[in-house]
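So that you can tell them apart, the chains are marked A, B, C, D, E and F in the order they are listed, and the count of residues begins at 1 in each.
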Amino acid sequence: MRNRALRIVSGLGGVVAILAITPSVGFAQDYVPTAQDYLNNIWVFIAGVLVFFMQAGFALVEAGMTRAKNVVNIFAKNMTDAVVGILAFFATGWAFAFGDSGGWFIGTSNFFLQDLDLAAIPEGGLSPGTSFFFQAVFAATAVTIASGAMAERTKFWSYVIFSAVMCAFIYPVIVHWTWGGGLIADIDINGAVFSDFAGSGIVHMTGGIAAFMGALFLGPRIGRYAADGSPRAIPGHNIPFAILGVFILWVGWFGFNPGSELLADEFVSGIAINTMLAACAAGLFTAITITLVSGKPDLAMIGNGVLAGLVAITAPCGAVTPMMSVVIGGIAGVLVVFAVLFFDKVKIDDPVGAISVHGICGFWGLISVGLFATYDDAFLGREDAGLFYGGGIDQLLVQLLMAAIILVWVLVCTGILFGVLKATIGLRVTAEEEIEGLDVLEHGLQGYAADMAHTS
Amino acid sequence: MRNRALRIVSGLGGVVAILAITPSVGFAQDYVPTAQDYLNNIWVFIAGVLVFFMQAGFALVEAGMTRAKNVVNIFAKNMTDAVVGILAFFATGWAFAFGDSGGWFIGTSNFFLQDLDLAAIPEGGLSPGTSFFFQAVFAATAVTIASGAMAERTKFWSYVIFSAVMCAFIYPVIVHWTWGGGLIADIDINGAVFSDFAGSGIVHMTGGIAAFMGALFLGPRIGRYAADGSPRAIPGHNIPFAILGVFILWVGWFGFNPGSELLADEFVSGIAINTMLAACAAGLFTAITITLVSGKPDLAMIGNGVLAGLVAITAPCGAVTPMMSVVIGGIAGVLVVFAVLFFDKVKIDDPVGAISVHGICGFWGLISVGLFATYDDAFLGREDAGLFYGGGIDQLLVQLLMAAIILVWVLVCTGILFGVLKATIGLRVTAEEEIEGLDVLEHGLQGYAADMAHTS
Amino acid sequence: MRNRALRIVSGLGGVVAILAITPSVGFAQDYVPTAQDYLNNIWVFIAGVLVFFMQAGFALVEAGMTRAKNVVNIFAKNMTDAVVGILAFFATGWAFAFGDSGGWFIGTSNFFLQDLDLAAIPEGGLSPGTSFFFQAVFAATAVTIASGAMAERTKFWSYVIFSAVMCAFIYPVIVHWTWGGGLIADIDINGAVFSDFAGSGIVHMTGGIAAFMGALFLGPRIGRYAADGSPRAIPGHNIPFAILGVFILWVGWFGFNPGSELLADEFVSGIAINTMLAACAAGLFTAITITLVSGKPDLAMIGNGVLAGLVAITAPCGAVTPMMSVVIGGIAGVLVVFAVLFFDKVKIDDPVGAISVHGICGFWGLISVGLFATYDDAFLGREDAGLFYGGGIDQLLVQLLMAAIILVWVLVCTGILFGVLKATIGLRVTAEEEIEGLDVLEHGLQGYAADMAHTS
Amino acid sequence: MKLVTAVIKPFKLDDVKDALKAIGVAGITVEEVRGFGRQGGHTETYRGAEYKIDFVPKVSLGIVVADESVDGVVDAIVAAAATGKIGDGKIWVTDVERLVRIRTGEEGTDAI
Amino acid sequence: MKLVTAVIKPFKLDDVKDALKAIGVAGITVEEVRGFGRQGGHTETYRGAEYKIDFVPKVSLGIVVADESVDGVVDAIVAAAATGKIGDGKIWVTDVERLVRIRTGEEGTDAI
Amino acid sequence: MKLVTAVIKPFKLDDVKDALKAIGVAGITVEEVRGFGRQGGHTETYRGAEYKIDFVPKVSLGIVVADESVDGVVDAIVAAAATGKIGDGKIWVTDVERLVRIRTGEEGTDAI
């Protein structure tokens, strides 16, 4: 038992002294962790908190880029991603992703964290508790990406179901195939193995593809396209929210990428620098590109640009130089502009650009490893794996193969899911509800109630 | 003295190398701390920063759930809780809470941090500096809870005085009785001793009771009840603010609970997981409950729900399993809905639900330890203390006794305080001021000035 | 190479175990860092993340204190400070500041981080990677300060150029002269050497002077002064944004000052306490002062006050007692009010008070070291250097000399820069654009588009 | 038909609405407006500099009614909106030559 | 000249504007308003307590036209704004005795 | 009595208000409106897609005055609001049959 006497201040100038001799959460364990072990776990936990903070960022970006009449619904969807998504990952997600698996497909143990000693820190590694916390907030991120593309027209309860299935099954299976050691982890082309350090593909491309399918099944918002089929902008109602959201997401990314080192080592700050520079380069190149395309530095697009850079560097951040991070980010910043224009043209209505930012630039990040990798990020298992560093095309092929597998899996799963939802309880609100706004009809609430209406 | 030469970059690739040989803040000390000691202190400090961030969350939740005409006053009150509250805790709060005490009642040394070596890190513990920082931000949290219940009708300067007294005296005494080793810490029922890991009772119930008294002494806002006495909703003017606030509070809670371990050990992430799951379960169950009650998933109520789960798990987070955290949170999520409805009916006008969230669910969290405790959280001093784990009712009795003591103390103290304020400078603004809004009349400012009014 | 096998979960209950044997980002190194070394670097990195978060705070404060019609432009400027500023610091800033220098003036190596082993952690110090990250976010802070004073009338692309030059050259040179070991670091008056622990002068005064020059070259906003020359207030459009920004900046300052210890040692929390208390005291004294001056507790001014206290304590936070921190902060809180009134009177239109907060109170913080320093903050190299602690006036003189050098340098550089911009592409938007608002004309975007305008 | 325009204090809106409902008024169009008048404004200071809040928030109601209903409507508004304090507001009546219900195309009093 | 005032559903604004442009209307002044009428509102609950959203968002258009154009304008609005659903709104016409273009000081129909 | 309605550029509001005060106007009711007219709007692009900002922000003033004061009021507004640039706005005058001060029940010019 832990010594309570030491928990209670003995009165010596308020010094709180505690000795943690035995477990309080979790059962006993053999290995006695070192200060470095504790540091590793505390650091990754803190990184996880930064990642969780991204939930607020996603909510703000989505809310800011859409209309006031739907703002309550948008925050409700994002709150759902955290609340339902994390519960789903707790129930089955973690088990499917990291549970023991006979074969390549799926894990089948530790549902609801059963039979896990959360406090057992292995030598030089993370305790199951730390791992679960970090993985759970990642899952919440993966699902919330789709929310933006489905904004302003999705039935709330249908979205809740999507969110649950995504975190309970679709995403965890991909994690099992990669970080969990399944299907994709087994690919080996002349020694080249997959590398997706923090999840450009596993997390963002997955979310982006789900976003695409959501937007596809829903169809564009009323008024988004003119009679002649030309796209008409529906400007967001609160740009400050959107950009505040971008800043918060950027902050969160300093947990997302550096935290994925899963250790408190000498490489953390280098990973952070790559993350920072890619975001900056992307923002700058988006500003230049959109100014050339439409004449003005459209801040909403620049916001997309910064996020595009962050998404792209998520895979290569541990394997490339700062200079190449600028290149990768810069390309993402150009890419995202044309991607947004493209999806607009083909009538995929994505109010916040989630497909372009997370889907397209997630893909770009994944293959950029095959082009620019020079350091061993502990996935690659070798130096100079990138094509431009003499590594040949093997790595590029593995990355492409990986992207293809993720694409197929998410297309099929979300296709079935959205199809079933559409056929049963329905995916889209009525035209009347969409025109009046979802807030009052779905939630009985106005986002911005006027004082007027309720005094006396 | 510390070697300045090392402070200034010698030019070797910009490597900043420093050796801290002797103290800079605080005086000399004997024990030479280990890396683990430093880790403990840095971690708890960072947790304290997260807790401080909660101030922004409280301000946003309160502002979002009230009217635009009072938004300046609401941010002013929350800023006061930080500014005045922390100064008051510095002046006398810490001394009363953690100063040496002859007996059970109150500490009487170290006013204004006098005679404390802030930098003295004891073996396996926290320095007075780290402890003070962490405790000070807790104090600011305790006082700011009441702000929400007193919103839209309280005189600013009266609130300032309340805020000061709360942090200078009322709250510190409770801390002294518990974490400080006084009255409540001395209770022992067949070996069962109090357990309030991070303060469901000490911090939140305390704040909730003060909130109740504030709302009681103030009376309901004009227009809150119809002529026939039936409650009329006064919807908040900015739901996005409210939910952003909930997200920020949630983030802060990852400092509040895990930081209360007061060590960087293997239990931190488990505590965080319990915190996260309880919040999720509460949010989900509130969504379901309010939908059954009023037909729609009211996001403002769901926001309360998430906070209710966080408050409830604050006491048991170190002693229960993840599964039981879901149960505790889920119950809190249901409880908070009916608590809000109840206080509405009895004409206690609590604009943000502070009494229900912090008072009622703080109480629930406190007794839930007596029901579900299975691990030793270093307060309990034993395993399986909970009723449902064969620990008998002793623990439950201690927790109930503790709750009763807190209830009486806060009722009496705040009763006297609000009574005196009401009898002297007055507690409530004039009806005219309340109708016009507090912002312009109390602060000379509009929350949202129109561009119109000030161009040319 | 790093062991991939350990990267991929072997299935043992999802425990992710990793051993980082060799570098992934950066090349090999000789010294094997200890747990304490890793802790130092992780801590300073996390502090850097908090500092980066300040970008959001600056954006919110500026946006909240200005008009809705310019809110997009304001967020665009602040995003630019991060995006362009950090890229500029990466390109040349770091090299000028910390590169090898033959003499006192400027560094000339490691442009674009060339020839730096980012991962090389020296004994008891920070790796170049950690140092760069921390210094880069500081640079972004220094430049963003000026944004507020130049709000609502500056051409976007001119601001972009200012932002780049500031981070690429003007600020880095000052850093080289001080933390970099140049001109100012070489000053020695009877053993008294400069001390600017976290940059009241180096960062904030620099930013404040640039802000002054910007406001001077731009001239006041249309309508800011009545025909008779009397100042007319232009109230901010969103006080909640402004105060949320203040809270975020306050949080960030817990990275800014404690992080500047550049070590995870026993002094971190003391530095944080000084920072916290100075902010509180400043907020309180500003509230009292402005109430005496204008009759009401003007929250916008109180927000300035809190920031004034934070700026002032930034230099002395490592050298003074908590009590003296209250004094230093309190004085700053009074100072800022009269500074704002003064600049108003002399027709320097500073919409957010950046000159008063960062310039004046940065100067105050710098000289306060000469008055109140009692501990050795590792710059001073001695105890009791302050005038009031028997240290004589030597320290005061050094601080004054330092301030004078910074003043001259920034006045000259920004004078030339703004002069050139004004003479070429122009610094200020047209009167018509200023009246209509910069958002639509510069960015093609409204900050708050009405739903109305885009349905059907 | 006539258009009755009433400028009242915002917190009186619910009372006035209920009063009008009570006498059978079927429709009202409401706007948030700012009023300048005898009530005057405040002179406040923002960050030390003075500014006048000349315009106080008001609510304006527009009600189209049949000629014979005008007096009743005006009286009802006065009764419900009056506080006796300066700034209670104004009511004015203008002539409406034609009224159309968009949904049906009905004209005149049928459209009210 | 006449002032044509039309209260319509917000999402119809673009259609109505285009319809009026089509028939040569040179100017419109638009306001966001709240309407109370047959359409009624919702009774919602906020944190468990009931409240009525009596007023639904509408948009009001004010158009000054020459007498002879009134019918055309009214018809155009009805055609563009009608959905057949309750709440489509109203149009009313009042007489304008004088119109001035501020820029030029022009009066009467020249000022339209 | 007459109701003078003026639609002006927002930044001219203070000047117009002061000008009206100067000639003894006791009360004004102001609204933020959006204007469509010769001034035209902007075609902007948002995230790559075009949209028209057809309506530019304007401010509308409503002033009820005695018949004899109309010309003075109109002239004062024109003088204060004119910039000579397109988009300065319009002023129109309609007849008011009845005016009531809610506070006192006073009618007619006494109520102004």
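In this text, a contact is a pair of C-beta atoms (placed from the backbone, for glycine too) under 8 Å apart; a residue touches a chain by one contact, two chains touch by 3 or more.
Fair warning: this is a prediction, and the values are worked out from it, not measured in the lab.
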Item to check | Chain pair, A-F or A-E, that carries the greater number of C-beta contacts | outcome: A-F
Checklist outcome for this item: Matching B-D in over half of the residue-numbered contact pairs, the equivalent interface among A-E, A-F or B-E is A-E
Checklist entry - Any idea how many Å lie between the Cα centroids of subunit D and subunit E? => result 17
Next on the checklist: Averaging over Cα atoms per chain, report the distance between subunit C and subunit D in Å.
Outcome noted: 51
Checklist outcome for this item: So subunit C residues touching two or more other chains come to 35-36, 39, 46, 120, 127, 132, 223, 232-236, 238, 294-296, 298, 300, 435, 444-446, 450-451, 453-456
Next on the checklist: Two or more other chains touching the same residue: where does that happen in subunit E?
Outcome noted: 11, 31-32, 34, 44-46, 51, 54-55, 94-95
Item to check | Contact footprint of subunit F on subunit C as seen in their complex | outcome: 223, 435, 440-441, 444-446, 453-454
Item to check | Residues of subunit F defined as touching subunit D within the complex | outcome: 1, 3, 17, 26-31, 64, 94-103, 105, 111
Next on the checklist: Help me check something: in the complex, which residues belonging to subunit A touch subunit B?
Outcome noted: 1-4, 6-20, 22-26, 29, 33, 35-36, 38-39, 41-42, 45-46, 48-49, 52-53, 55-56, 59-60, 63, 71-72, 75-76, 79, 82-84, 86-87, 90, 112-113, 118-121, 127, 129-130, 132-133, 136, 156, 238, 241, 442-451, 454-456
Checklist entry - Which bits of subunit B are touching subunit E when the two form their complex? => result 65, 230-236, 290, 293-296, 298, 300-301, 304, 337, 340-341, 344, 353
Item to check | Partner subunit D, residues of subunit E touching it in the complex | outcome: 2, 6-8, 31-38, 54-55, 58, 60, 70, 74, 77-78, 81-95
